[in-house]
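Below is one structure, written out as structure tokens; the observations come after it.
In this document, chain identifiers A, B, C, D and E correspond to the written order of the chains, with residue numbering beginning at 1 in each.
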Amino acid sequence: MTALQEVAPRERAGVRREALYFAVRNGKLVTGFGIVLALLLLGLIVPVLLGGNPNEYGTRPMSPPSAEHWFGTTTFGQDIFLQFGHGLRSTFAVGAIGGGIAAAIGMLVGFVAGYRGGLVDEILNMLTNIVLVIPTLAVLLIINAYLGIRSVSVQGLFIGLTSWPWAARAIRAQTFSLRTREFVDLARMSGAGTWRIITREIAPNMSSYLFMTFILLFGGSILIASSLDFIGLGPTEGVSLGLMLQNANQWSALQLGLWWWFVPPGAAITAIVGALYVANVGLDEVFNPKLRET
Amino acid sequence: MRRYFGRKLLIYGLTFFVAVTVNWMIPRFMPGDPVASMVARANITQPAAVEAMRRYYSGLFGFDQPLWQQYLNFWAALFRGDFGLSIWLFPHPVSTVIGGAVPYTLALIVPSVLLSWVVGNRLGAYAARRKLLDNTVLPVGYVLTAMPYMWLAVLLAWALGVLAGVFPVAGGYSFSMRPNWSWTFLLDLLHHWTLPFLSLFLVALGGWAIGMRNMIIYELESDYSNYLAALGAPARLIRKYAFRNAVLPQITGLALQLGVLVAGALVTEIVFAYPGLGSLILKAIQNKDFFLLQGAFLFIVIGVLIANFIIDIVYVVVDPRTRAGMAGARA
Amino acid sequence: MMLKLDDVTKEFRIGAFGGKSVTAVRNVSFDLGPGEVVSLIGESGSGKSTIGRMILGLNPVSGGSITFEGRPVRAGKEYYRHVQGIFQDPFSSFNPVFKADRVFGLIKDTYYRTVPGEEWARRVGDSLRDVRLDPGQVLGKYPHQLSGGQLQRLLIARALLLDIKLLVADEITSMLDASTRIDVLNLLADLKARGLGVLYITHDLSLGNYLAERTVVLRRGSVVELGPTERVFGDPLHPYTRELLAAVPRLHQEWADATPVDACLYHARGGTGGLMEAGPGHFVACAGLGTCP
Amino acid sequence: MSLRVSELKVYYRTLKGEVRALDGLSFGLADGEILGLVGESGCGKSTLGKSLIRLDGRMRHAGGTVVLDGEELPIADDRRMNDYRFHQVSLIPQYAMSALNPTRKIRRMVTELLRSRGVTLDTAELESRMSQVGLPREVLDRYPIELSGGMKQRMVMVVSTLLDPSLLIADEVTSALDVSTQKAVARALLGFRDSGYVKSMIFVTHDLALTHHIADTIMVMYAGRLAEKAPADVIVKAPRHPYTRLLLDSLPEVGVRHTDRRLTGIAGSPPSLLDPPAGCRFRDRCPIAGEECAEDPPVAEVAAGHYVACWKA
Amino acid sequence: AACTGGGSTPTPPASPAQNQGAVASADPDSLPRNETLYTTGTQWGPPPNFNPIREWDSAVGTKGLVYETLFHYDPNAAKLTPWLAASGSWTDDTTYEVKLRPGIKWSDGQAFTAKDVVFSYELGKMETIPYHNLWDWLTAAEAPDDQTVRFTFSTANYQEWDFMLYSRSIVPEHIWKDRSESEVLDGVNENPVGTGAYTFMSKDQDRVVLRRRDDWWGKAALNMEPKPRYIVDIATPSNEVAMGMLLQKGLDLSNNFLPGVANLVQGNFGLTTYYDQPPYMLSANTAWLVPNSTRKPMDDPAFRKALASSINVKQIVEGVYGNLVKAASPTGLLPQWEQFVDQGVVGASGFGFDPAKAKKLLADAGYRDRDGDGYVEKKDGSKIALTLIVPSGWTDWMEAARSISASAKTAGIQVTPDFPDFNALVERRTKGDFDLLVNNERQLSNSPYTYYEYMFQLPVRAQQNTVNFARYENERAWGLVKQLDQVRTDDVEGMKKVISQLQQIHLDDMPIIPLWYNGLWAQASTSVWKNWPAANGSAPKTGAVMWRNWLELGGFETLTQLQPSGS
């Protein structure tokens, strides 16, 4: 009689309801998602409400935060709050695109490798390992340097294409253990095909895990993008938080005392990514009772 | 054991091959002609002279050969440690240029990665399951890991460098100094190294602390911990065991994070004008010096591969399970 | 014979690019007819499940052949219409994120697309009642809301919905309570009476003995003894079988040490390669004692 | 009388309320006695085992006392309880397979564990005990993964009893093993008692037949309470509680074929311990239940050392 | 906490920054702070070479501090200052004779002679040497004696020759004579031997250190001595780092473009610039908007003029540069060349930002918005969609390009900024594959001739490397430029006459559009060195720059005027 049996079956009752119960009571989860949502909303609303071109020069350059310019203005008199709103959008976009693509590739590779096993697994594993050990930011630097990044989505694409390996590894390991579960055999004995088994049997079982993976990839993409932006390999069109940082730095915002130009974008990136991480740990606690505070 | 390392080496070999090939390909199939920029920089008007110069440089960089020949030459040169000539710092060989920068980068990366790993793990382990500490270490850890490297770096440079004036904001050592082995010089090196180190260290620290904290909670709840507790072993011993076991995944984590850490170091160097590879890469990008870029990239790849390999070895040494897994049939 | 295993061997490739291999099953031959229960007994890792999975087409054989009604096993829609399996852990046999009755839905999707909903519901109900489950009590619930016995019976009901002739039951009772266990065993006994062939895999000798006409004893992938259950249990010829039997705790009997065998019965009775028939339908393998050639 | 448990109540805190896993359990255990503890899954066997040595985070001691060798065990006080653990009370856990730190060689682990309890390792003694359970001394210089399940199980047995505890709790120690190993382990446990390494033992299992081979006394639990407790032979041959009888009836044995004798299970399932019904908890499944069963049956000593909690017994 | 007040005038750091050098001043290997000048803004990476032939990327001070030229040029007095030469004069229309100063020695102790000068100029006979084209009109350079060099010309291009006189480094023949062409062109020239006031002491990834030669000939001959015993030129990777160091007082002179520095000059940071009010800096060169005249509609002077009127340069000057630059005059001639601007021509044909006029010009020339998208179309009705390229990463220009695009829009011209990499831009510029670009490659010099050569040079070739990127073809203009070249440099009136005609052509045809004058970026800290050049008072009026080619234009003289602050 194993430990599994010890808590089963009564303990299992309401695993999902319990997850929800803990989810809404998990401070980390609620705070984390709260912050992310608030910033997302800000990004969605501000550009609509304020309107106008975020890069347009204003009449009062370098003014500190005031009622008129909530976050002050840049050297060129651009309204930082407006830029901030647009920047949030791009940042979320990069996170979503980069994280999404990485998650998609990671899932595809992870599922196929984990489920198929054998030679397919070996080959995919090798591919994963190769991409894993290549320092991706260096690759991104090179690719960006040569191709030039026009837009946020292209940037997201590149980030997505290089940041999936750890996700693939993790998903592969999960799939590997799920694959030996008997309901997979049962599905096969009901005539289900590989694809169906992966998508309909295995994936739903790791949905929380997949979601957490996506969150981490999302945050990671934002950080990578901000680094790229900062060293001048960001998109040439539009505004992003990383570009704001780059501009502020390039125009010596801190040295000139324009802290309001430099602090908000960095703080927002930190807040988004940090909140995502916090939410992730919250999720982890919800799904893994062992982590809960006793 | 042999098999395990053979396999690892195969992967590293393949990675290296792919990296080199990609590295060779990119500049050759991307827009922009390095020779043109070489020529353009010299202020010559004479078309004949321009042509002569163009021919001269094309020959110098070997662009006048068929592609496959260039590719083979590339490999051959690589094994001679010859990465070609830098365009930006013409006519210095890329290897010497990189050689000058590498000590700085290593001096930054190695201590910050190792120290942040060690300290972060201790901190995380210490915080786990201790309410008060957990509630302070954790949030700080999150904020630190979530910070973009350069943002923290710039803030530090501004606060501790410009405002407080405690640390210099640029350079590898005082501009008034000449490198020598005196204590004053070493102190000066340290003085300049502190801020970039600190920004790398802090960001990485947070990540490790959080990772460790979560890991060790799993370990503290594991069967062997429960068994020890049931036999009345003191918490100290249980934590010690849990720590040891929780550190193992962190070692793998170190390998996974290496690329990110290296990238962070590059960006940080740029902020502090630290004369390492990062600053070099930025300049190479800005100056379209792809020979230098290639060299730097290859250097990083080789460095990361070696580091990975070392981590692999360390892992095998410290985790008896891998050893047995390799000896026996099934892990 | 409905199911026939002929010299079946299974090697698993392990290690990088299948560099090494372990032989999980070695030259196993036996057969199984309709309405017959054969129990497969052996210690952990002896290859019982592997044989079951090969019969179910979940793992390919590496050598020898398995035929079902004269045709080699081909995993696929047609095959599974007649051959089904149930596994040890009822909880892991159900996808925890879906309702338990999804196992019926999966079958309908593949085999009974055209059956109208009502008709299908009726069939499911019938089949549930066959395994003595109240449809109202088990349908529409999540696996964790049902007991192990209910789940195992749901799985049997699912198999019954198909026109099955052979059921591979791999340790289906080892996770169940003593009292539920006996219910499930009795159910199998009833099905057998209706002509179903059952391959009953277990490491619990008392259970194997309860149902089966014939018993196959496996050790490290090879058959050591095979024969009618009462012969194998009553007159074990192979030292391993004896050891196993002696180790079984019995309620009304003290533990005894296995009666030592001084000579290999196989060789004593002139066995030469392969299994030797020691009695009617009772086969035994060489004991591999020091005295054996 | 070495162990005396009276009116022990231990509850689990859960979201939906408290699970009354042990709800007023009383029994005694004499020196040198092995008590076999049987019962359906979830009846509180492990809970009892844990209560006697270490409550886990969710468990709450809701009442009752445990007296060992004349001293009351402070089971609710983790800190004070520590003095008794290992020295007085010890445990062979259900999870023996994973109870050893995977990254320490066994010798080192044992040394460190003993040192932390203020004892120096007597290697000769350790090795002699190991050889008693058939473990070669080389095992000490191996890592746990290098041992088979049975070896690990036996190693844990040796470790747990090194300090000659007065009471040993063995929770389902054989259920993951095959019959032959199971036999060896069970015999080793008997040997430990006979060599005086442990004074008394609670042997938890769900296998009645196995218990019968080891235990002097068998206690049958049902839904957090005692159902019947009697010398082993008496339980097997002359059970008084209807639950015990039904349990025995559902046990197949080698030699029993369904064609010869069709065994029957117990219909229904045990009550939820979240909010257990008043009265006899077996009432709903009991074939002979009557009016009086609406009241809690007291534990009655129907014969010397034979306790039954049933109005009808 | 100190900087919460606002952006306009930040306050200095709370605690005065410690001087990093102080820690180590006792050490023999560290440079005494009060004798060392820290500069930056010229070099962006490790010193690549010390080869004075590679004027475009040699280490700071290679030419000017280590190697010297025959003359310097004083832009304020608009005349050549004899340097290695004691004097120079035209002995006839096509012969120029230079008398060298006696007693000059190379840093290796060998005597400096006329042979070295001849050798140096003859290096230009090599095809790949940048001044190779000098030999198109120079027939011979001879040394009749050790102190005399005689140059004989086929055509005497007086204007260009003056430029050559102060631009060409003189290298020692005894060291260079055996070098091959590729060595001369590409050699690193470690351990350079020059005549100059400094020698290279050390170099590293991010710096070169120069030490003063106490036996420099100029001390006696010119009665000049550069004050800093050591010069450390630092390669800062970016402007903001330079600004940080300047604020930390680890830097004495920054020749970087430091946006916002005006705030610091006004605050109490101990920073000075040439002017204490806009534009703060002297002007160094003109930024031009270059339309590709081989493409429609840029081939149409009317369109180009409309474009010129549509650009709000003031907004660039104020918005992008924060008044650190000056709007260019319609002629594009630097303020230093003010005397050559023909006010009459400018008054009649000049232009300024005037969207209405731009619209009118467009309409008159037939460019109308036919489809109502707010942008005018070509005369045949097809769309006009121009792309303005500036190098990616050149932030101020990128901002300026955005600004140009915005203001052109008000006049109805669609200009989209695009930021290709510098390399790609150079390639497109060379091949003529662009609509519009911004360029400033001609610097202040001895003569507007260099500007007009840049503007009008013919013939237009398939690849235009350094001049006439607009590919503007006007034989008359080119003729006038050549004519200007042959006007003696002391004949100011003669120059004005030709230049006035050129200005007329420029303003009528507008081949390239002057935008603003880039500054001679120089921000100095007075904490260690004082008496930096300034417009006010008795301060020197030279440029405070270490930029390549500028040491001869007053940069060196500035060094000789510095005074230690401590004294």
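One rule holds in what follows: a residue touches a chain if its C-beta (ideal position, glycine included) is under 8 Å from a C-beta of that chain, and two chains touch if they have at least 3 such contacts.
Since the structure is predicted, the reported quantities are computational estimates derived from the model, not experimental observations.
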Message = Please report the smallest number of touch steps linking chain D to chain E.
response = 2
Request  = Count the C-beta pairs in contact for C-D and for A-B, then report the pair with the higher count.
outcome  = A-B
Query = Using mean CA coordinates as chain centres, what's the chain A-chain D distance in Å?
reply = 49
Ask   = Taking each chain's centre as the mean of its CA atoms, how far is chain B from chain C in angstrom?
value = 56
Task = Return the distance between the CA-based centres of chain B and chain E, expressed in whole Å.
result = 39
Inquiry  = Quick check: what residues of chain E touch more than one other chain, meaning two or more?
reply    = 2-3, 238, 244, 247, 393, 421
Query = Which residues belonging to chain A are in contact with no fewer than two other chains?
reply = 5, 145, 232, 249, 254-255
Message = Where in chain B do residues touch at least two different other chains?
response = 31-32, 157-158, 162, 270-271, 282, 286
Message = Which residues of chain B touch chain D once you look at their complex with the stated criterion?
response = 222-224, 226-234, 236-237, 241, 244-245, 248, 318-321, 324-325
Message = Considering only the defined contacts, which chain B positions touch chain E in the complex?
response = 31-34, 36-37, 39-50, 52-53, 56, 86, 88-92, 97, 100-101, 104, 157-158, 161-166, 168-172, 174-180, 182, 184-185, 187-188, 191, 270-273, 275, 279-280, 282-283, 286-288
Query = What part of chain A is in contact with chain E in the complex they form?
reply = 55-57, 61-64, 72, 75-77, 145, 148, 232, 236, 247, 249-252, 254-259
Key: Parts of chain C lying in touch with chain A, wherever the complex brings them together   = 13, 16-18, 53, 56, 58, 75-77, 80, 84-85, 87-89, 91-98, 103, 106-107, 109-111, 143-148, 155, 175
Ask   = Once bound in the complex, which stretches of chain E touch chain B?
value = 1-3, 13-18, 20-21, 23-27, 29-33, 36, 38, 44-46, 48-49, 54-57, 127-130, 132-133, 182, 186-188, 202, 204-207, 209, 232, 234, 236-238, 241, 244-245, 247-248, 250, 393, 421-424, 426-427, 430, 457, 461, 463, 465-467
